[in-house]
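What follows is subunit A paired twice: with subunit B in the first complex and subunit C in the second.
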Partner chain A sequence: MNGFAAGLWESLVSGSKLIWPQIFLTFAATVMLWPADLFVEKARKHVWAPITMVILALTGALIYLTEPGVGFSDMYKVDGLTKGFQALIVLAAFLAVMLSQKLLDALREQTVEYYALILFSLVGMLTLVGATDLMTVYFSIELMAICIYILVAYLRDQNRGVEAGLKYFLLGAFSSGILLYGMSLVFAAVGGVTTNLAELNRLLPVVPQSSSLLVFSGVLMVLVGLCFKVAAVPFHMWSPDAYEGAPTPITAFMATAPKAAAMGAFLRVFGTGFAGVSSDWMLPLSYVAGASMILGNIAAVRQQTMKRLLAYSSIAHAGYMLLGVLGKGVDNAQAVWLYLLTYLVMNTGAFAVVIILQGKGEGERIDDFRGLAKRRPFLAFAMMMFLLSLAGIPPLVGFFGKFYLFKLAVESGLTTLVVIALVTSAISAFYYLGVVNQMYFKEPADLPEGAEPEVLSTGMTLIVGVTCVLTLVGTLAGPWLVNTMFRITWI
Partner chain B sequence: MQGYAPILLLLMIAVSLPVLVWTLSRLLRPDFYSKAKYSTYECGITPVTEAREKFNVRYYLIAVMFLVFDVESVFLFPWALQMKELALFGLVEMGIFLFLLLFGYGYIWSKGALTWE
Partner chain C sequence: MATMNAVLFFSFLLFAIGCAGMLVRRNALVMLMSAELMLNAANLNLIAFARHSGTVTGQAFALLVMGFAAAEVAVGLALVVALYRRKDTVNADDLNLLKG
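Moving on, here comes the complex of A and B:
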């Protein structure tokens, strides 16, 4: 073997140690699609849900066992940030699969593709949070997004789902183009020598005056592309429609896992790659963050369906999380991780309640929550806890995450934005409490006989119960969480 | 900007040539117009309907599959040329690539995408 090939071989062998979770996922999902699916009868496709959960649990173990390191010519890195966000993403996927099983049974839409696509999109997300090169960032964003476009349009017999999928796909493809163009401008600005983030951080601040406009426009376009992925205003237009049209478990998945992955990429690209030229992107990004909080929370007030309400609330939450990106430090990244973890818990809980009430895909209007406390006291109480926690009311976990994030943002000198965040949080309490009002102080609507939803199973009850308990007493685990959080670092 | 002069020249030639040919033929040809002359193709089969029509979704499927395997061969050629230099590394990389494509092929086969009717 000559030197060139030997070097490549060496890099492949040493690098593959870092991506065992992704290799395992790719292999498992591929074999699931073919030939394993041939041996499962049509009526028994629901067995794929527990199998997927086992695969996800094993992936989690692999992530835990992966040693930190750098590989593939510095294009991929496993460090605290990578592992922390990967754990979040796998957890989100696990919960989404758990939520899916019963609903897909009720809709008679169980297929192996659904679960395989979740796993494939996971490969993209896991790579995205460890990407230390703009090329890796781009290709893993694409891998993640393409699978999710299909999942959004999964209920292909419903016009709403197809419309949502198509809208998301067209806008997503467009934003990917902008992202890629921005990357190529940055690449050109540094003289066409590297797309590596650490190298860019060294080269970008010292580009000649004549190229500074190139850097500015390139960085802004990358910003736009990533803002689209986290659904921040004004690049949020796709999200309420996509959230509403997608199967509800996928909505829960989209609100957590891809958002966590895109946030991880945001933190790494802007925290380590473009940190040297922060004067270029600080102002635009603070406008984006402020606009997301304001518009997300105000638009949510007028929503009639629960899924759209949660979509707008997730836009607002993306705005809060961008405060962590603006803070630029490792401690801000840790706060974003903590926020995402708490958001994952309460958001999944809220979506689980929506799925239970939604039954076979009809009732998801806020009016359907009328008098829930009389019909199903436990569900109503759990939903109230999730909503109060999303609003950030102490002592629930939502407050814990928010407090930490805002405290660090104030210390980073983002006082104006934190004031906006606090005021809009108060607005958000208004619409969250509006739902609580419907549940506790309104008479139940007359349900026709036999119209009681039927998407209730041990798994669903378990999710609602566990997330509710975590929302209630999660703050008690605060010291442990903070300790874990401090391991989220980039070297 | 100096290096772009040949491209400008090429552009000018590319624009002027069709204009020239078109004008020449307009000047030289005899002018006889009839209804048949205005139809889309003045020779061959008479068009039955408009060209814009819905057609079977299977054509898209075939197109996508063609694209996948076309790209496969695009990657196979450079590998075949550099096989000695890439040695074991190239073999393993190509093996992974072909393995994934093979499973994809099995998948579309088992889904019945290859059977027409």
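Moving on, here comes the complex of A and C:
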């Protein structure tokens, strides 16, 4: 064996212990697709949901067991940030699979590909949050996105599904082109020697004057590309359409897992790679954050369907989370993680209620929630808790996450943005309470006979129950949450 | 350094054509090609500057990008075919069910 091959082999062997979760996921998903699926009859495809959940639980255990370290020529790093965000992402996928099972049964759309694609996209996300090289960042973003394009268009017999998938794909391809061109400009600015984030951080502030325009435009384009992925204004136009057209469990998944992964990448790329040239991106990013809060919350007011309302609310939440990126520093990253955790709980709960009510795919209008308190008191109460928590009303868990994030943002000197965040939070309470008003103070519409939904199962009840309890008493777990949060560190 | 500026200028031109294509053309297939053009503009930068500095990082990056571009096109074409089957069109302006 020559020197190059020997070096490559050695790097693979020493690095592979960092990516056991990804290796396991890839292997499991591939075996699921072939040959395991050959042995499952068409009528019994629903067994893939519990199997996927087991795989995800094992992946979670592997993530827990992975030792921190750096590998693959400094292209991938496992530290507190990586592990914390990976745990969030796996949890989000687990909940999404749990939500999927009954709905896909009702739609008669159970296939192994659905679950395998979730697992493959997960590989991308898990790698993305540990990426310490522009190359790793790019290819993990692509892996994540390509799988999600397919999942959005999963209901290919519905016009909306295909339309949403293609729209998301075209805008996603556009954004990844911009992201990559930005990376190539940054690479050119440092003279074409490295794409490593730590190296870039050292080289970027000292580039010659003639290249400063390259640095500026490169960093800005990377910013635009990542903003597309977290759906921040003005790069959000794909998100309401994709959210509405996708199967609802995938919507719940998209609102949490890829967002968490992209936020992790944001923290990593801008917190460590471009930290030295922060004067180039601080102002544009703060405009993006402010615009997301304002436009996300205002556009949500006039939405007619629940999925679009939650889409705009997730745009606004992305704006809040960008405060943590703007604040820089480890403690802000911790606050973003905590925020994502609380967001995951309440958002999954809200989507679970939507799935239960929407039955076979149609009827997710806000009008459908009319008089829900009379028909389904428990569901209505749970939904009210999720919505109030999304609005950030104390003592619910959403308030806890928001409070921490805003407090740190004020300490980092982002007072104007925090004022905008507080005002827009008040606006958001208006449309969340509008739904509560429909549920509690309006007469139920006359339902045709037999129109009761069929997507109720033990799993769904469990999710709604558990997330509702967590939303209510999550704040009591505050000390524990904060303790866990402090493990989100850069090594 | 003059040659590097020429490379940057040329790649910017390619990128601008790709961007304009994405924004102006409404045929999904042409938009797909424009996206490829944007990726190739970036590839050109990566390869030229890797050659300039004598390191291989950029070249490896460009190879990876080509692989991903192929995967992306495969998914994109599949979506375009799915759209064509349902609506008999590949025009992005006819994607008008979802609004708001």
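Going forward, the second predicted complex is superposed on the first by the 489 of 491 C-alpha atoms of A that agree within 3 Å, B and C clash if a C-alpha of one lies under 4 Å from a C-alpha of the other, contacts with A are read in each partner's own complex, and residues count from 1 in each chain.
Here is the rule we go by: a residue touches a chain if its C-beta (ideal position, glycine included) is under 8 Å from a C-beta of that chain, and two chains touch if they have at least 3 such contacts.
All values derive from a computational prediction rather than experimental measurement.
In the superposition on chain A, A:5 contacts subunit B only, with no contact to subunit C.
In the superposition on chain A, A:30 contacts subunit B only, with no contact to subunit C. Looking at the superposition, the partner that touches the larger set of subunit A residues, subunit B or subunit C, turns out to be C. Once the two complexes are overlaid on the shared chain, A:38 sits against subunit B while remaining clear of subunit C. In the superposition on chain A, contact is made by A:191 with subunit C only, not with subunit B. Legend: residue contacts after superposition of the two complexes on their common chain; A:153 is shown touching subunit C, with no touch to subunit B.
Contact with subunit C, but none with subunit B, is seen for A:173 once the two complexes are overlaid on the shared chain.
Subunit A uses no single residue to touch subunit B in one structure and subunit C in the other.
Only residues 4, 8, 11, 15, 18-19, 22, 28, 31-32, 35, 38-39, 41-43, 45-46, 48-53, 55, 57-58, 60-61, 64-65, 68, 71-72, 75-76, 78-80, 82-83, 86-87, 92, 95, 97-98, 100 of subunit C touch subunit A when the two sit together in their complex.
Residue ranges on subunit B touching subunit A, taken from their complex, read 85-90, 92-93, 100, 103-104, 106-107, 110. Taken in their complex, subunit A has these residues touching subunit C: 134-135, 138-139, 142, 146, 149-150, 153, 156, 159-160, 162-167, 169-170, 173-174, 176-178, 180-181, 183-185, 187-188, 191-195, 214, 240-241, 244-245, 302-304, 308. Within the complex formed with subunit B, the subunit A residues making contact are 1-2, 4-6, 8-9, 12, 26, 30-31, 33-35, 37-38.
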